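Note that subunit A is present in both complexes that follow, paired respectively with subunit B and with subunit C.
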Partner chain A sequence: MKKSWWTMRRKQALEGYLFILPWIIGVSAFFLYPLFKSIRLSFSKITKFAGWEMEWVGFDNYIRAFVWDINFLPMFFETVQKTLLYLPLINIFALFLAILLNKKIKARGLFRMVYFMPVILGSGHVMTQLVGEGVVQGAIDVERGVAIPREILMYMGPTIVRTVQNFMNNLALILWKSGVQIVLYISGLQGISSSLYEAARCDGASEWEMFWKITLPMISPVILLSLIYTLIDLFADVSNPIVDYVRTTAFTNRQYEYGAAIGWIYFAFIFLIVMVVFMAGRRYVHDASAR
Partner chain B sequence: MQNTGSKKKKLRKKISFGWFMFYTFLIALVAFTSLPLVYMISTAFKPLDELFIYPPRFFVRRPTLQNFIDLLTAVSSSTIPFTRYIFNSLFVTVVVVGGTVIISSLGAFVVAKYKLPGVNWIFGIVIAALMFSSHVTQIPSYMVINKLGLLNTYWALIIPKLAVPYNFFLIKQFCEQMPNELLESARIDGANDWVLFWKIAMPTLTPAWSTLIVFSFISNWNDAFTPLIYITSQAKKTLPLALQTIAGGPGVVARSGAVAAATFITTIPTIVIFVWMQARVLETMAYSGIKA
Partner chain C sequence: MNKAENVMNKLERGLISTYQFTFRYVIEKIIDFIRRKRYIVYNIAVYILLLEFAYVFLYPFLYLLITAMKSPTDLLDMTVRWIPREIYWENFKVAFAGLNYWTYFQKSLLVTLLCVLGHIISCSLVAYGFARCRFPGRNALFMIVMLTIIVPAQVIIVPLFMQYSTYGWLNTYLPLIVPTFFGMGLRGGLFIFLFRQFFIGLPTELEDSARIDGCSTFRIFWNIVLPISKTAILVCTVLGTVWHWNDYYEPAVYLTRPKNWLLPMNLTNMYATLRMIEGEEFGISEVDQLNQMYNTATLMAGTLLVILPLIIMYLFSQRRFMESIERTGLVG
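After this line comes the complex of A and B, so read on.
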């Protein structure tokens, strides 16, 4: 009896491994192997393109990024700065919208769909094209013209106009980048049991208090998830100067080894930031659930 | 009693004004969000003189189909018809989406539900992989494809896209919520693992793979980078890459109208599949919510 159970178990395990096999083969061939190969590449110099012959050069490529390359570090800092600016803005905005959309309103599905639309347009060539053609700029120009008449703008002076323009620019980007986060937050909000709110309402809590004391702690795991998603999304964005730099270095200038090196520096940094956020966030999330 | 009644009335009055502001705000945001979409559509129908007005005008004044005709003539001068690119894109995307849904679901289902020895590291890899941009691994991937002799075939566009860590992650998260009792009872009824997967797991995971279809379709349909690397023959290029060819790089203004039309055509399928699947995802979620 026991023996037959064991063999059944074993057969099941075998079938299980068979199920994962295609995925493992795919990941090994097109993720793991390339990953290790690119580490190797970043420490090497390609001597012959024909057979991908290379020789070991140690840290040369890494030293080049930090010491010799005048483009890399400024671009790197610009990217980091931008990401850290957008991270809180996108998440606060997305949470705000999710709370609004979670209320019993008409055409909720439609609103949610429209807010998600930029994610679809933005993931590809189309958005790059739009940005490249100055459509975003154009749209904002038009928007500015509509929102504030030109006569008033003329009185305000260039600095204020530029600030307004910057703000509009950021607003557009934030809006177009927060589709996924809105969906995440909505699903998080719907997971909160309504009995909590009813109990709090009986105790005379205001909406404001309920937000800080119930909503925020209850969705803190989703906030953490969304923060990490936003970080990775922003850092890996194709329109990101560093990602673009890696691509041009490797494919346009054919300096594969240097491209691999700066790619690795960049992703080591992302890994570090994500880990820091994850550690800090987990402590906070844990506290909230223990209280 | 009366007191609370009047309070309620007051509250209601306050809410209705709030409601008005609320909808105004939401609709304003909708307008703002849909700006690029509206602009794209209206640009596709703009005649040439309107395309180059500065500052650009938002809505088209005299809509025309000239851009679409230009597009057809622009590409028919080369030997490959525009429809060929559409076919390439559709074929590759559909195969990739179908394949990745099955492969990711099979793997994620086992990792989440079977507790096999030695599969935990798989999930570790997935988490690490989520942080990597594909650009870093692109060069060695090229070497792999090259060694397999798949360069300049449809397979080069399909095979590397099948086992994507993100897709695995998405399905696995949903698998965790699947009740074990469901699987146990099916197993007691004598279902083998293959049947279990197709008859029990996949139907339960409908919201997950619907979402995956949407994401996977969009990212593969829009991907101009992979074909740029692997495909050299004009006849096998996909739509986004062909678009770049039509545009002739930045600074070429002669075919702006054709590019606008082509951009419009490229965007249609992603919007259609999103609108269609989104309804389905919501429906499934509502259904499972009622059942629970």
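After this line comes the complex of A and C, so read on.
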């Protein structure tokens, strides 16, 4: 008998394509096409706004960003510097808080609710306005006083004080940005089987040793995920100067092609960093299936 | 009375010594207690840390709430910091009227609900396809999903703007709503990722037995998989509502006429207007500072009104939400 062309496998493949059909339409219309168009745009100059007619100008827009624009590079470096500073701090704090919250304590649900609150309030423009109103400053003042008494600060040199104060200034912002990461880490911590800890305890391991030898390796995939999430979140943050700069250049000043070019420079950099983190992370992530 | 007699009796018979009444004995007892109950001390330290962080997290909300409730007298009075003498509803009334709250609230609510609905429907469907169906090019296509998460909106917003302007979609809510029904839109890729992680974690037995009974894949998805993925749907609904409600960047680009604005944009406008009025009328003077103080209370009331729906939603759903987000296996 001749084998039917319409095999089970072909049928399943067709079903798969049907399931993702809406996404294929969406990604072509709202992602891939604009992406290519934006590359094209960044190498062109719009000659007529009516029909979006443009002509090829080569690297002019990119050269303008790096050579002529006095605003772009400082903003760019500020963003990069801030992101690279926040990235480890956010994750260390989130992991620390997640470990505290994962202990058997009372009112755990309440604390978790409180720690997730800034995600509700702070993910949008409202947060930016609050920062503008100096609310963050108030929180920091309090935090500074509680964490390090003024008397101790007085005996330290000015440079140390400035470093400490800078750190404390960032602390409040960091804490507010770590809501999602805390939740990620908590769910990661709960995935670790308690039998590992019991076995270690029988062999006389201390809490400290257990953290380094059990918790950290077991949670390493979550750390990688959280690092990448943090990076993307920080780069897309509204308080970022670059993010706003693209909008004002393109839509307020009507320099669409230059806005697209800046967007591409920014994205190329983000992609580079994400890839570096991902590749570096893959090497150190503990793979449970490998054993 | 009875106890004292008992102690004296024991002292006379030499059962306890006078040493037990000295200061040093008390100290030793305390140290001994700490040594025996080390975990209690440890727990207290944990609580102190947690409370301190909780304070920093809660500070903006408390500040918002308190400032919004202060009357002009309380605002001027330096001694009133945390507890206002009375709840001053005038701030809320002014902010309510100034924001034109009810009109914009309806618009914002409509857009947010439609966007969330679109994301839930499209992203769960697409994620099921990625999680369970085998087809050539699946991994490559999923890489594109990840790419949509990584690429920031700033890169494609300019061509998207042109595209929408040729469709005549500017100043309507279509650019915000339509992409969500196709698995794109604000963080659409992230929702696909979340749903896929959840579906991969589900056991396949139920679906296999349904397939043996002759159920089609779409019916399996609709009648079996979706009803048991309430946790994932809840997580995506809460996060989606928050992100869409707070979103400022895309609406600010696509909606240029104030008539069509959404609530957060309107708030920004109110900020700007109030600050401008201060600058024009008074210049730099003490009167200016006073005025600014009153305005701050109004602004805080306005901010509170804008995020009030989110806070209510969060307070009602937080228990289920937190449980769900831990059980969804986002991390799997």
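Everything below uses one rule, namely that the second predicted complex is superposed on the first by the 242 of 291 C-alpha atoms of A that agree within 3 Å, B and C clash if a C-alpha of one lies under 4 Å from a C-alpha of the other, contacts with A are read in each partner's own complex, and residues count from 1 in each chain.
One rule holds for everything that comes next: contacts are C-beta pairs under 8 Å (C-beta built on N, C-alpha and C of every residue); 3 or more make two chains touch, one makes a residue touch a chain.
From a predicted model like this one, the values you see are computed outputs, not experimental measurements.
Placing subunit B and subunit C on a common subunit A by superposition gives a clash between them.
Applying the stated contact rule after C-alpha superposition, one finds that A:279 touches neither subunit B nor subunit C.
In the superposition on chain A, A:9 makes contact with subunit C only, while subunit B stays out of contact range.
With both structures placed on the common chain, the touch criterion links A:84 to neither subunit B nor subunit C.
In the superposed model, A:37 lies in contact with both subunit B and subunit C. By the touch criterion defined above, A:113 reaches both subunit B and subunit C.
When the two structures are aligned on the shared chain, A:29 is found in touch with subunit B and with subunit C. In the superposition on chain A, A:221 makes contact with subunit C only, not with subunit B. In the overlay built on the shared chain, the residue A:247 is in contact with subunit B and with subunit C. In the superposition on chain A, the residues of subunit A touched by subunit B in one structure and by subunit C in the other are 12-13, 15-17, 19-20, 22-27, 29-35, 37-38, 41, 52, 97, 100-101, 103, 105, 109, 111, 113-118, 120-121, 123-126, 129-130, 132, 135-136, 138-139, 142-143, 171-172, 175-176, 232, 235-236, 243, 246-247, 250-251, 256, 259-260, 263-264, 267, 270-271, 274.
In the complex of the two chains, the subunit B residues touching subunit A come out as 22-23, 25-26, 29-30, 32-37, 39-40, 43, 55-58, 103-104, 106-107, 109-111, 114, 116-117, 119, 122, 125, 128-133, 135-141, 143-144, 159-160, 162-163, 165, 168, 192-194, 197, 218-219, 221-225, 229, 240, 243-244, 247, 250, 259, 263, 266-267, 270-271, 274-275, 278-279, 282. Residues 12-13, 15-17, 19-20, 22-27, 29-35, 37-38, 41, 52, 97, 100-101, 103, 105, 109, 111, 113-118, 120-121, 123-127, 129-130, 132, 134-136, 138-139, 141-143, 145, 171-172, 175-176, 232, 235-236, 243, 246-247, 250-251, 256, 259-260, 263-264, 267, 270-271, 274 of subunit A are the ones that touch subunit B when the two sit in their complex.
Contacts from subunit A toward subunit C in the complex involve residues 9, 12-20, 22-27, 29-35, 37-38, 41, 52, 97, 100-101, 103, 105, 109, 111-126, 129-130, 132-133, 135-136, 138-139, 142-143, 146, 171-172, 175-176, 183-184, 186-188, 190-191, 221-222, 225, 232, 235-236, 238, 242-243, 246-247, 250-251, 256-257, 259-260, 262-264, 266-267, 270-271, 274. Touching subunit A in their complex are the following residues of subunit C: 43, 46-47, 49-50, 52-61, 63-64, 122, 125-126, 128-130, 133-136, 138, 141, 144-145, 148-163, 166, 179, 181-185, 188, 192, 217-218, 221, 242-243, 245-249, 252-253, 264-265, 267-268, 271, 296, 299-300, 303, 306-307, 310-311, 314, 318-319, 322, 325-331.
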